[in-house]
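Before any comments, here is the structure.
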Amino acid sequence: MPRLQMTVEALRERALFVRRDIIALLAKAQSGHSGGPLSSADFGTALFFHEMNVNPSRLDDPGRDLWHFSIGHVTPVIYSLMGERGYFPLADLLGFRQLNGHLQGHPSKHDTPGIEVSSGSLGQGLSVACGMALGSRMDGASRRVYCVMGDGEQQEGQIWEAAMFAAHYKLDNLCGIVDYNRKQIDGDVETVMGIAPLASKWRAFNWHVIEVNGHDIAGILQAFDEARATSGRPSVILAHTVMGRGVSFMEDDYKWHGVPPNRDQAEQALKEMGTSLADWTARLESWTRPEVAPGLRAAS
Amino acid sequence: MSGTTKTAAPVPPAPVNLAKPEMKRTREGFGHGLVDLGERRKDVVVLVGDLTGSTNVNLFAERFPDRFVEVGIAEQNMMCIAAGLAATGKIPFLATYGAFASCRSADQMRVTVAYTDLPVKIGGAHGGISVGPDGATHQAMEEIAIVRSIPNMKMVVPCDYWETRKATVALADDPHPNYIRFGREPVPVVTGPDTLFTLGKANVVREGSDLAIIACGVMVYEALVAAEELSDRGIQARVLNVHTLKPLDRDQVARAARECGAIVTAEEHQIHGGLGGAIAEAVVQSYPVPIEFVAVHDRFGRSGKQDELMAAFGIKAPDVVRAAERVLARKRAR
Amino acid sequence: MPRLQMTVEALRERALFVRRDIIALLAKAQSGHSGGPLSSADFGTALFFHEMNVNPSRLDDPGRDLWHFSIGHVTPVIYSLMGERGYFPLADLLGFRQLNGHLQGHPSKHDTPGIEVSSGSLGQGLSVACGMALGSRMDGASRRVYCVMGDGEQQEGQIWEAAMFAAHYKLDNLCGIVDYNRKQIDGDVETVMGIAPLASKWRAFNWHVIEVNGHDIAGILQAFDEARATSGRPSVILAHTVMGRGVSFMEDDYKWHGVPPNRDQAEQALKEMGTSLADWTARLESWTRPEVAPGLRAAS
Amino acid sequence: MSGTTKTAAPVPPAPVNLAKPEMKRTREGFGHGLVDLGERRKDVVVLVGDLTGSTNVNLFAERFPDRFVEVGIAEQNMMCIAAGLAATGKIPFLATYGAFASCRSADQMRVTVAYTDLPVKIGGAHGGISVGPDGATHQAMEEIAIVRSIPNMKMVVPCDYWETRKATVALADDPHPNYIRFGREPVPVVTGPDTLFTLGKANVVREGSDLAIIACGVMVYEALVAAEELSDRGIQARVLNVHTLKPLDRDQVARAARECGAIVTAEEHQIHGGLGGAIAEAVVQSYPVPIEFVAVHDRFGRSGKQDELMAAFGIKAPDVVRAAERVLARKRAR
């Protein structure tokens, strides 16, 4: 079942799972990032449970699509997606950022099988994805390559080197996704270092640009379809999102970029999402085999 | 508070309760040093790459907003903007994580800053493994090697809050480029506001002549603890705080080699090219003696808690004690 | 006489001088770059002999404008302009790239007084200029800052970091100039790594863009005026030029990027420019005091 | 031609006329090594940053255009694209000037390449001062220090055309990231097509036990010339070619220290953290002896001719001889 192509309805449910996982694992670790993981949860879920051909039970499947998070700090969402998708037991999420766990603060290929390339220093990932896309084309593989970037990250010049390269080599098997949540560590992106007009920039770098509400699953699926149908140039999806999405007191507040909820806050967040810290932690703890977790209705 | 003109040598170690030291963040020393400077001189400006809070330059930004420049996530740009500011007569301090300050903008540091010899001051935060849960990518452990190799650069790794604060101030007076490394988590305070700090001069923080433990950064505390433990066994270790890695105080190092005949180096850095490398280079050129290295053994860091990590990577006081035993055995065997 | 504001006619003559100097000094050194220096000679001359307020007899004049060549490899034109403008004796040009000369292969502040910041690694200069422009504004100085870039150099991501910064900080005292000669070391820029549409890129980064024929002195002066008159944003002049301009056998040929003419080729080039290697070398040799060299008619 | 499986030890120095050696460019050795590889394995791809001719990857590009990737002037991008290619099973070699390979893309080398431990092969051209007239910015002299400090990286500095060619081939078989440094101008050929090259194993290219001269790169030739001169004065110098700086052949180095009791290191690199630093680190941990360093003394290069520059910066054979005299005096004085 490499490409799950779940329905919009099922994806919405799954995204809720992922958000619950994020809160629960952060509450446990008491270290890590809340804001970006929550803003990426919807398109991340669409990627892992609909769009991409991945095969967690055979990590080196030559037919697999390749994904890479250039924003390495959003490990809470990456690991939740991987766990839910069956890369490793969900219980492992509770070892996040701990010395003896296999889930490092930033993605590490050698600690977490399934990660293709380690990351954590911003701005490098799109170049990595370019290499993956070019290598795939050299092999005549039909594989697609997905790269998730941040909006603050667009300030790194290397992004524009990679943008130039991908268009020059007409890498239409490459799809970039920008988590356009308008926040970065020091505040509003437009206040810290304005990146607008972002779509014009990507167009001037000869990419096919798709703008979408990054919390509208149906729209996201359409965007992925449009990217897939675009030939002769790479596509970038500007996913307009809200930092901290799904937790009332985190939404649109840059202060949640890099901090975890404390226990009380986690409890409150999970309550808003229809569960409790104890219940959801128990669900994770009980999940000791890697497999695709069933849908919301079945599980809760 | 001036870093270089207080009480004269010999430098008394501040009265430290090694068993229960006061804990303070070195990055706050950097932030407070910048504020000290901001008050004293108009030409000091501060740049940051979207890490205002983590590098503690927020303290300066709040007080001197007109001299604070947010660059966003663009370290290469920041290094060269600092150079341009220096070219117009400013004394720019820039701050980002040490991993990025030393690596992401290494070419800019080499060509634009160091080759031009501009007084750009580079603040590398989150130095060493003690950064903790962020893991390997954010744990700067190659900075000493990189910065030491570049001509015109100076490199300072202060041992605690006070020394970081004084070093920050002292670096502004040096008309050349330099780099200061500090950490994230609170670490033991082993100096006081009046302890002498002179750029390029090592401090003997404990006398002894059975062996010398030469340390920098947070490892000065670990060295002191180790020396105490060794003293209980009748071994008197001299402890040298080499806060300035470049230029190295070659005289003090040679003296330590000559008078002690055995050395342990202790650093929160990769084993190649760091403090240990600098001391080895100096010693073989002056007075060759056995040296044991306490350092990170050429491997990447990982997520964990400060203390857990230091223990797991073998850079706590007991590791220093064991290295001392090894080097003393070698000294005796010569 | 900080701002010379020479006439178009005088500037054309001066540019010819500069080209002759370039050939003569390269012929002597038998090492160095021909192509870019010749394509930059016209706007370079307009900068040094019309536009900029510089004071070679008082290098730290606080009223001076600041200039920086981000393309450090075009030292032949930089040094010719400096020599002609009186920064040092023209005779010094003949010590180019020699161990005991003060004219390094790439600009070095400590070897060549007048150079504000050393360069030679591509992509860094616009950031330096941003710092200069910001520092000047902090001091309330009315000074302008000029930065010369290459078109191949636009491939460096740091250029786009600097572009973003300058617009964000509204550095309207900053003027970039791109030597758009369509060539770089490995060939045509569009073949090596396409940068088109370059004007759209700069516009998407919120700069005021001026396109001009980089060999039309009158047009260049107008462009400088337009940049000077632009407020609230930095300006970039895309100077469309021809690599090797002024030497028939070098024009538009990327192979001349980084090599000097041999003696015969230099002789041929100088003949095309109405002088000889011996005569022009003699002119340089005789010029042992730093001063602004007189115009073509007076001197030849 | 396989780099590691020819005639067994002891390694005979090729019969070299030291007074009038054959001169060949090491960068051509890199180019030819790539062609050797291109013929042998389909997974080798080559990337370049607008320096096809100067790095001599043109030789590969002409033969295997489908496996050649022009990246333009974007070294950071190139390093990570190489990583992405490696992630899809390729063995990517990238080429640019060493100054940029080591500094402009240091963060990319550290995080994306080395931390992920991908088999990216980094070719640094124009290593050392012998680059000549381009001057300081283009003379890579910090590479050994930088690369050595990064975990998982290997570092090779071959001594001549043949060794560069063999090393290039050998590096492709190493499933980890590594870095090879070569130069621009022709340099003396001191090995032959059949001289043994084993990654990580130093070659004794001349026997002797009064002192050891440990060299890499073009300095192996200078060391041999110096040894000849010393031999005329009755001093027998062992010459060790340490082509692999990391991992260092610690056994051979310790043996040299033990058997010779004095060492001169010779490298075309900054004095801090390079070959001298690596040897000093190894020696103080095994058998401490006096060492003198022949290297560039912490200053930037400048324009000039290859030989002029090497003389001006004090790294020619006579400088090695003088260093030998100094170290022998120190050995005697112990």
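A, B, C and D label the chains in the order they appear, each numbered from 1.
Operating definition for what follows: a contact is a pair of C-beta atoms (placed from the backbone, for glycine too) under 8 Å apart; a residue touches a chain by one contact, two chains touch by 3 or more.
Please read all numbers here as calculations on a predicted model, not as lab measurements.
*Asks:* Of all chain pairs, which one counts the most C-beta contacts?
*Replies:* Comparing chain pairs, contacts are most numerous for B-D.
*Asks:* From the C-alpha centres, identify the chain that is farthest from subunit B.
*Replies:* C
*Asks:* Using mean C-alpha positions as chain centres, tell me how far subunit B is from subunit C in Å, no decimals.
*Replies:* The mean C-alpha positions of subunit B and subunit C differ by 42 Å.
*Asks:* Hey, how far is the Cα centre of subunit B from the one of subunit D, in Å?
*Replies:* Roughly 31 Å, centre to centre.
*Asks:* Between subunit C and subunit D, what is the separation of their C-alpha centroids in Å?
*Replies:* 37
*Asks:* At least two partner chains per residue is the criterion; list those residues in subunit B.
*Replies:* 71-72, 74, 76-77, 99-100, 104, 107, 110-111, 115, 136-137
*Asks:* Give the residues of subunit C that touch two or more other chains, as numbers and ranges in rising order.
*Replies:* Subunit C, residues with two or more chain partners: 108, 118-121, 123, 155-158, 161, 164-165, 168, 193.
*Asks:* In the complex, go through subunit D and note every residue touching subunit C.
*Replies:* Listed in rising order, the residues of subunit D that touch subunit C are 48, 50-54, 70-74, 76-77, 99-100, 104, 132-138, 302-305, 308-309, 312.
*Asks:* Can you list the residues on subunit D that touch subunit A in the complex?
*Replies:* For this pair, the touching residues of subunit D are 45, 66-67, 69, 71-72, 74, 76-90, 92, 107-108, 110-112, 115-118.
*Asks:* Within the complex, which stretch of subunit C touches subunit B?
*Replies:* For subunit C paired with subunit B, touching residues are 66, 108-110, 116-121, 123-125, 127-136, 138-139, 157-158, 161-162, 164-165, 168.
*Asks:* What part of subunit C is in contact with subunit D in the complex they form?
*Replies:* Counting only subunit C, the residues touching subunit D are 29, 31-32, 72, 97-99, 101, 103-106, 108, 111, 118-123, 152-153, 155-157, 184-186, 192-193.
*Asks:* Considering only the defined contacts, which subunit A positions touch subunit C in the complex?
*Replies:* It comes out as residues 123, 155-161, 164-165, 167-168, 193-195, 197, 200-201, 203-206.
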